[in-house]
């Protein structure tokens, strides 16, 4: 067996060499560029932080909110997306997003299989190209994982896999290219520091489409669907917050003043969001809740993401306060409208991201100017950014879902839903 | 008085409770149990091993009722708990000598 | 709604501009100073680490120790304090602590709302001022959160909010100023590397006053009040330990030899504390416990905090060993004395911090000298530091509690206590 | 009491001075060398990351897999080993591993008690010697902790303590010296970037010997021994993965291109391992499981460890894919063979580490060449490395176990096993 | 012999157990249950929705006793479990045909 | 019909279930309970305090059986559940008036 494995891998190597043109490109990419160890240290750390946001952070945040019969299935969504999209990114996605621009809409295939992505500094930074790639990889993975909250407790596992791959390649990579990879939105001057449009609007409105296409969970509005473990969600919140410093301040791509600005804005908005959601709920229902504080923190973080590096602390405070109230209102609205966005991805990431992109156009004052600082044009650009992202994502997601439905079916059967994802999809139980 | 025990499917609990409340039942006690019966259990996988789990999650209701409620309770309970598929559960009825309400010391039907 | 929100925020901006004098101060603070990317990377990370200590670390450490009906309330204490005190710090607290010294006792109001706190290097360091500020912010937040362990399971939520703000502004900020911000204790030469006095004595003895003023929990000494989830506490311990490296080694304010010394001392003391508490308990009760190991680790960490950057590895070992035994003895003593410091804040942070401040006066040998290294004067200064911190905190905390009690009442009702914080204060249940 | 404590510690100091020859060595180690702040920041962080891998990471990964009556005992294994081995390393182990080479087999005693280990740069790096020491310390601790999975739920606590100390001093330190400390394997040119042999083969095959010598758990194969909390294991997986970036990319000892290569290879292999284990299980049993994904991730991480810094992304992908399938096969084989390696340390770390050491000899292409890149000699060296590590560890572990058994007995009694470790060894219950 | 079942408030368990031990009861079996009755439940909030939870945590005691202990047990139990506020619970008594101690095979009162 | 309740040691559950299945029992209901009896509990330590815990984890089985199965069930159950050491548990037998299978409405022995 050992022997045949080796022949096989050897064969694969040869194939890959042929495919790649220069399989040893990584080892050969010449003398290293001007790497700054401090910047590199920070982006190495930031990449790890974003991993931590995703798994265990997001996985637990979502996991605590579902019923106990679905907890492993929910964790598996995030875990498998992290694995799968990472590989897709390495093989194809990175190149589509960050390869040389082709017509403003997509990257070239030059970095297929990470060919030519090596230890040299990424242009305009002091960090190795490989680290830039892996930092971006983490963003690609978490964006897809965020969506899963909207169809929690009812998606077929095979459908999830297919959906994730298609969405990442067809929606995320182009979008990342448009904004960050040299595409038309970035060229237009759109500001999206760490992914308000690319990550949050995109996942948030994809989530809306998913919730509508998949429909409500069996028993929605009738049976109680209370969270099975809120401390797990609080733990997830803490890890998301922690990791978000890498997400936002890491987006400065160095350990510099920009990172400092982003770090502080991120923290302030998280705190302000937590407080304002809490107060809004307190006023409306008479009690402040732990889940409200946690949700507000995440709302603040999502909303500040696009502007983090461009905002003064007090602007961040204001934006955070608005985020908490607005996203809470969106949750309340959802209940009235009756669609089942199970874990409120739309209300938090969709609404938060959208608000944040616009707020950046108003409040940007550090290294860029928004409307309130004398630059009304920026606000217009931000509107274009938000709206075009939304439209592209909504249409794209709808089409992908229809294709996946046709191919493998989106939903588990009602009996499976009653049994839960854990036993029906994975033959596992979480607790015993 | 009678003691009615019913083993039912967990997701039927609210429906059964509401149906019983409607016919005037004011109290009951509920326990999470595991049932073994004709309804098949499920398989669980653990790192390469498969386990057959025979026990199925069920809910047990206990109701102390006055004798004249027996029929009505059984009918109502049976209807509300029924899905028609295997594993719907059972109702067991036995005699109860007496009932006391701890708070007041009342006994008999008034204590229910 | 969108429109009115914007007018409102616009109005607020104007107000803030007026209030702040120069709202764009942050964007304008001139050419960046000599920022060192490596130092900056490390303090960015350290700030995130201290966040992780607080939420989820401390929150879970405490959360695991309470009964399940109080878990969300306990998590909410830490979470809301983190949010609230961060905002207080940004608006006011930082300026009071680190504004230009006024008479040795308090900072000026120059940094109100972080005016003038920007990307330039903080004097004497290679890190942006904003990062210094946010690193200190994390300390301000966790210090208040530490206190909550003493009144767990019985404090009113509104009382908590009020207490936290008053305590932070009236006790923490002055204290931080005295020791680190140019105040009289620092000027006198007091050594407190990462907060033995400012953080641990202060929270530990505030906790003592809280426990005495609020009184025992209903059923204390009669009902069993066993922890509801010790693995949660172990998880919290691990995250606290992890984050403590940022707390202590980050206090070197750079990625240098001092950070190395502090990192190693921190680790050794944690390990030694864990082992010595375990052995002490083993000897006394016949069994080593997991909670004993965890408690000893925290005791070692708290005790090494003030000296971390000044101690040799073997001194750290000794101090850690002493810490474990001493703090365990303090827990046993508490039980005899009968006050209900529910989660042993006094025994671990109060006693640990006090011991650590004195031990620093004895064992300091790296970059400073203690009594055992020929400098008896240092020990005297350390005694002054410890005692004056203790006295200030005890009196101040007492007064604040009385004020809060008069305004909103400190304790929930006995019925609410029986129901638990989760349902009575937050209308939430943790597990279902 | 205070007074006598001080006299005692003073006495101890004197003793330590005499013992150590120059107790103040740490404070005196001269002018600092050429410290690079970026490199230092990264290794400070990496050291903390490896702590996080161990506690809470590994502790929870294992803890979730045992029955609820053994959870605290399982957590205590990792926690106490971390504390104990850290102290052993400081006092003795580091010197044995990294002291000046004596005859290729062991380090001198020059660094006893960390004498002479100070803030100066460690030769060949830009990081303080103390940080190098503490980074290595974390490796020493986790290696022993890994073994505990094989004898979970049945080892006596006292036996564990004794075993851990002996194994660390007699097996780990020599091995670390051979490969990394100037010993014969390193001199021969053996490649082990972050511990495929030193950490994973060694713990994995020690685990095999432990499982065989201790024998099956009571009721093995008869009673169900299903995991009590799989979300806990998933949380542990996430923290292990997160920390592993410090473990592997930190092994570059700087924030440089090598760290970038290692970081990327680590991530890719984790993802590939997760996917391939999942698919293998899906094919074999008909369902993909969450635990399968988690196990595959760890298998990928363990397998990539020795080659992380030497591999191209696509080689890492291939190795990760192989790792998942191979380690899963090893688990299936274990069940057939009937030995009770309770948490599959052999199948994951033993098989993974072995495979990784050989794969490095085949695929190395960055900074070293393997067989497939024209250097067949490297593969031969790797075989020597893997086999000699295995033989040394198997014999050594067997002897140590026999000694420990003779001294204190290895296993708890059948009644204690029925009661569980928590109550029988620690008088504690995890949940209430 | 009689089988006494009592539904009581959870925090009363230790007190009740001690009181019963004092009058010579040597064994009992305890189950965590959820009760539905006159005692109101509570509200729970979850992201903007409020749920009314009707079930209240209770503890169920089961005691097999000799016939002549019936009165004493009921009195003692009732007294120890009483707080006087709604939701104190009930005592149910029914007949028991026989009891067997598994360990020894003993039956009758000696098996209790 | 009879209702058999048995309190047994938790790790005996599978063995008992298998033994009962072998003699033709097709259904039972299982509850996790805490027992108080002659078997000592254990001590727990919590930061310097020791607590004596009197309750021991047990499992309760409930089986409704036809009258003619009584002896066989008791014997089989008693044998399978026995370890011979203290705390093996008890079997309680009482009368059952009637049984209804919810799914079909069947009553009597056929509903078991």
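Per-chain numbering from 1; labels A, B, C, D, E and F assigned in written order.
What we mean here is this: contacts are C-beta pairs under 8 Å (C-beta built on N, C-alpha and C of every residue); 3 or more make two chains touch, one makes a residue touch a chain.
What you are looking at is a predicted structure, and each value in this text was computed from that prediction instead of being measured.
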item	value
Which of C-E and B-E has more C-beta pairs touching across its chains	B-E
Approximate Å spacing (C-alpha centroids) for the pair chain B, chain D	52
CA centroid of chain A to CA centroid of chain B, Å	46
In chain F, residues with contacts to at least two other chains	31, 44-46, 50, 94-95
Set of chain D residues in contact with two or more other chains	36-39, 41-42, 45, 224, 226-227, 229, 235, 255, 285, 287, 289, 291, 426-429
Pairwise touch network: line, ring, star, complete, or other	other
Pairwise chain contacts under the document criterion	A-B, A-C, A-D, A-E, B-D, B-E, B-F, C-D, C-E, C-F, D-F, E-F
Footprint of chain F on chain E - complex, ascending	3, 17, 26-31, 64, 94-103, 105, 111
Residues on chain C engaged by chain A in the complex (per definition of touch)	5-6, 9-10, 12-13, 16, 20, 23-24, 26-27, 32, 35-42, 44-45, 47-48, 51-52, 55-57, 59-60, 63, 71-73, 75-76, 79-80, 82-84, 86-87, 90, 113-114, 117-120, 127-131, 133-134, 137, 157, 229, 232, 235, 255, 422, 425-432
Residue ranges of chain A touching chain E (in the complex, touch as defined)	224, 226-227, 281, 284-285, 287, 289, 291-292, 295, 328, 331-332, 335, 344
Residues of chain C touching chain E in the complex	219, 223-224, 418-419, 423, 426-429
Chain B residues within the chain D interface of the complex	44-51
